[in-house]
Amino acid sequence: MEARLSFDDLKGILPDAVWIGDETITVTGVSGLGESKAGDLAFAGDAKLAVAAITAGASVILVPADFAGTPRPGQLFGRVNNPSWAMALVCERIEAELRPRPEPGIHPSAVIDPRARIDASATIGPLCVIEEGVEIGPHVYLEAHVFVGRFTRIGAKTMIHANTSIYGYSVIGSRVLMQSGAVIGGDGFGFESSVQGHTKIAQVGRVVLEDDVEVGANSTIDRARLSETRIGRGTKIDNLVQVGHNSIIGRHCFLCAFVGISGTTTIGDFVVMAGQSATSGHLSIGDGAKVGGQSGVTKNIPAGALVTGTHAMAFQLERRTQVLIRRLPQMAKQLRELESYVNGG
Amino acid sequence: MEARLSFDDLKGILPDAVWIGDETITVTGVSGLGESKAGDLAFAGDAKLAVAAITAGASVILVPADFAGTPRPGQLFGRVNNPSWAMALVCERIEAELRPRPEPGIHPSAVIDPRARIDASATIGPLCVIEEGVEIGPHVYLEAHVFVGRFTRIGAKTMIHANTSIYGYSVIGSRVLMQSGAVIGGDGFGFESSVQGHTKIAQVGRVVLEDDVEVGANSTIDRARLSETRIGRGTKIDNLVQVGHNSIIGRHCFLCAFVGISGTTTIGDFVVMAGQSATSGHLSIGDGAKVGGQSGVTKNIPAGALVTGTHAMAFQLERRTQVLIRRLPQMAKQLRELESYVNGG
Amino acid sequence: MEARLSFDDLKGILPDAVWIGDETITVTGVSGLGESKAGDLAFAGDAKLAVAAITAGASVILVPADFAGTPRPGQLFGRVNNPSWAMALVCERIEAELRPRPEPGIHPSAVIDPRARIDASATIGPLCVIEEGVEIGPHVYLEAHVFVGRFTRIGAKTMIHANTSIYGYSVIGSRVLMQSGAVIGGDGFGFESSVQGHTKIAQVGRVVLEDDVEVGANSTIDRARLSETRIGRGTKIDNLVQVGHNSIIGRHCFLCAFVGISGTTTIGDFVVMAGQSATSGHLSIGDGAKVGGQSGVTKNIPAGALVTGTHAMAFQLERRTQVLIRRLPQMAKQLRELESYVNGG
C-alpha cells in the first residue's frame, strides 16, 4: 500500500528504535517482506525472517533488536524489541491518513429524531437513521446508512461502519468498533411450540457491548429474552459470528469467523473460539479455555482446557483419535487376520 | 429489563392465573429467576425451578399450577399451567410498549416509485426504497433502509427490520417477520463451467415466503433458477442461514443459525435442522426429521428420523461411534496385545 | 416464472436448434420439466430426463440433439447440443426483461462527494453514498443503499446490489457482480495480545477483486494488513463466505456458502471449496484441488487433490474411514471376543 514517511517521521513513531544505514531514505509504501520493493517499509518478525531481510527489496526493514545483519547501501534497518508491533505503530499513523475521521457534525441527509441526544463532537454520516431517545457520546462516528433504534446508548469514541443495524435499547460502550453489516439486538430465537406450530416468545431484553469490543462484518448478536446478552470488555468478534440470546461472553475473548454461540451460554475471560466452532446452549466455558476450529462444545468446559472435535474432547485425545481414525482400515485388517487365526487355529 | 405493570395489568394479561400473596405490588422489571431483584417479575418453569422461587429476589413469580410453596411477605405468586408461556404473554405486552408500531404513512425520506401500491395503513420508514410495481398490504411495517425490488408483493402485517434487501418479484406472505440484514431473492449460485471458467446461468425464478415465516438477521434465501424457492408457512429461520436456489422447505420447520440448505433440497414439515448443519443438494428430508448440530446430510432422510454426524447417520449409531472413537487408543492397544500373543504363542 | 416469447424469439436466441412440432406456440412461462404446464418452456438435460419430456406438460421443451422422441400435437421440441445451456440463453433474455438496467444517471437522493469521478454511462441508484476520490467506470450499476468508501475504483459494467458496503481503497474489476449485503474491505482480524488484552493492529492494505468475480449475499472479504487480499479473475463466491486478510484466491475458483478462508491463505486456480469447508491460516491449496463439504484444511493441499473430513484427508481414505467408523461397534465386539478366546483358551 502507498504511504509517505520521512526518516524523521519514523524516529517520531519509534523513538526507541536503533537505526543503522541510510538515513536519507523516504518510505513510499508498506508491504510484506517477501514482496517488498524499493521505497517500501517492511518488517522481519523473528531472527529466521531477519535473514530474509538481507535479500528483501524493501528500503527500510524493522528487525529484531538482536539481529546482527547490516543493511545494503541505500537501505535502512531499525532494530526494535517487537518488529511486528513496531510495524503496527507505523501502520496506525498511515491508517489515520488513509482514513481520516471526518469533521464533527450531522450530515444533512441523516434522519434524526428530535428527541435523540447527540454530542456535538460526534460525526453522523450520510443517510443514518437515529430514533427517539438515542444517546450518542463524544467523538462517536457513524459512517453511513447506520440504523440506531430507540433509546440505544453509544459511548465515547465508538466507530460504526456503514449499513449496520442496532435495535432499540442496546447499550454500546466506549471505543467499540463495529464493521459493516453487523446486527445488534435482533430478536432472540425463542418460540413456544405445539403441533399447531411455533408461537413467538417476545424478547424484551437487550444487548450490552462493553468498552473496547469489536464486532466483525455481518455478525449478529441477539437480544435477551428478559435481561441481557452481554459481550465483555475488550472481546473481539470476527466476521459472520452469531451470539444467541441471553449469552454472557467474558472479557478479552476471541470469537473467530462463523463461531456460533447458542442461547444462554456463559463464557469466561480470555476464551478463544476458533473458526466455525460452536456451543450447544445452556453450558459454560471457563476462563482461558480454547476451542479448536469446527469443534462443537456439548458439555461444560473447565478453565484452561483445550478442546477439539465435533463433540469436543481434550485436544491430546482428539489428536490421537484422528491418527487412529486414519489407521482404521489397518486395524480392521488386523482384526480379520486375528479372527481367521483363532478360528483356523 | 425495565417495565411497569400493576396487579390489575397482570390479571388482565393472565385471567386464568391463581394469585397468592401481596396484591399491592407493582412490577418494575422482568428478569431470569436467578438474577431477579425486588420489583422484578420472573417465572419458575418447572417444579425444580419453583423451589428456587422461594429464595429468589423477584417480587412476582409465575409458578406451576401444582407448586405448593407460598410467597414471602411483600411477594406475589401467580399459579399458571405453563409459567414460561404466561411469562411470554406478559412480555408481549411489555414489548408492545418498548417497541410501539409507528403511525401509518410513508416517511418523506423514503424513495417510492409512483407505480408502487402501498396500503394506507402501512408504515414505510425513513430511507426505504420501493421500486416499480411493488404491492404492500395493510399494516405492513418497513423499519428503515429497506430495499424492495420491482413487482415484489408483501402481505398484511408483515414487519421488516432495517437494512434488509428484497430482490424483485419476491412474494412475501402475511405476518412475516424479517430481521435486519436479511437478503431475499439473491441470484441462485448456478454456472455453466468449462476450462475457460464459469458462465453465469440467469436465475429467472423467485422466492416465496408463506405466511408467518420468520427470517433471521443476515440470513440469505436465493431465488430459483426457473420457478420457486419456497419457505412453508410458520417456518422459523434463525440468523445467518443460507437457503439455496430451488429448495422447498415445508411448514413449521426450524432452521437454526448457520444452517446451509443447498440447491434443490426438499424438506418436509416440522423438520428441525440444528445449528451449523447442512445438506448437500438434490435430496429430501421427511416430515418431522431432526438433524443434529454440525451434521452433514448427504442422503435422503426418512420422516421422523434423528440423524447426526458429518456424514449424518442414525443418532443412536453416531452416539455409540463417538464413544468408540474416544476408545480407539485402547482398542489399538488391545489389537497389539492380541497380535503379540498370537505371534508369540 | 412468467415470460413471453414467440417462436421467432426462440429462433433468434437459439439459431442452431432444430425445431420439431408446433411452431405456432407462444411461451408464457418457464419451469422445471416435472412441474411444467401448458405454455411453459422447459428443458430435458439428458437422455434419461428426455423420456420424461414425452409426458411433461410444457409446450416447448429443449432436448438433447440425439433425442429421438417426437412432440405431441400442440407441442414443440428444440434439439440442441446442451439443453441446460440453451435454457440459460433463453433465461438470459427473460432476465433482461424482468430486471431491466435503469437509465444512466445519478439518483437525486444519492450522496456523492464532488471529488468522486463517475462515468456518465453509470447508474447510481437511490440513497447510495460515494465518498471522495472514488472512480466509477462505464455502465456500472449501483442498485440502492450502496456505500463506496474513499478512493475505491470500480471497473466497467460492474453491478452492485442493495445494502452493500465497500470500504475505502478497494479495487473492483470489470463485470464484477456483488449480491446484497456483501462487505468488501473490512478490517482484517489482527491483534497484538497480552495479559492486558488485545490491541488492534492497523490494517492498511486493500481488497482487489479482479474482473468477472461474483460475491454472494452477506459475504465478507477483509482487507490486508499491509498489501492485498486478492480474488482472482472469474472466481465465484457464494453467500455468507468469509475471506480473511492477506489471502490470495486464484482464478475461476468456487467458494460455496459458509466457506471460511483464514488469513494469509494462498489458493490456486480452479479450486472448489464445498459448503462450510474452511482453511486454517498460512497454508496453500494447489490448482484444481477440491475440498469436500464441512472439511477443515489444516495442511498444504497439492494441486488436483480431493480432500475431505474435519482434518481434511484424501477422499478415498476418508470414505473408507467413514465406513469403518460406522463399523466400530462391531469391531469392538470382535476385539472383546478375541480377548475372551485368548484369555480363556
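Letters A, B and C mark the chains as written, and numbering starts fresh at 1 in each.
Just so we're on the same page, a residue touches a chain if its C-beta (ideal position, glycine included) is under 8 Å from a C-beta of that chain, and two chains touch if they have at least 3 such contacts.
Not measured: the values here are computed from a predicted model.
Although chain A and chain C share one sequence, what matters here is the overlap of their interface residues, and that overlap falls short of half of the numbers used.
The rotation that brings the Cα trace of chain B onto that of chain C spans 120°, given to the nearest 5. Chain centres here are Cα averages; for chain A and chain C they lie 26 Å apart. Residue positions of chain C touching 2 or more other chains: 109, 127, 145, 163, 181, 218, 240, 258, 276, 294, 310, 325, 331, 335, 338, 342.
Against chain C, in their complex, chain B makes its touches with residues 111, 127, 129, 145, 147, 149-150, 163-165, 167-169, 181, 183, 186-187, 189, 191-192, 197-206, 218, 220, 222, 224-227, 240, 242, 244, 246, 258, 260, 262, 276, 278, 280, 294, 296, 298, 310-311, 313, 317, 320-321, 324-325, 327, 331, 334-335, 338, 341-342. By the touch criterion given at the top, residues 1, 3, 30-32, 35, 42, 82, 84-85, 87-88, 91-92, 94-95, 98-99, 107, 109, 125-127, 143-145, 161-163, 177, 179-181, 212, 214, 216-218, 233-234, 236, 238-240, 251-252, 254, 256-258, 274-276, 293-294, 309-310, 322, 325-326, 328-329, 331-332, 335, 338-339, 342 of chain C touch chain B in their complex.
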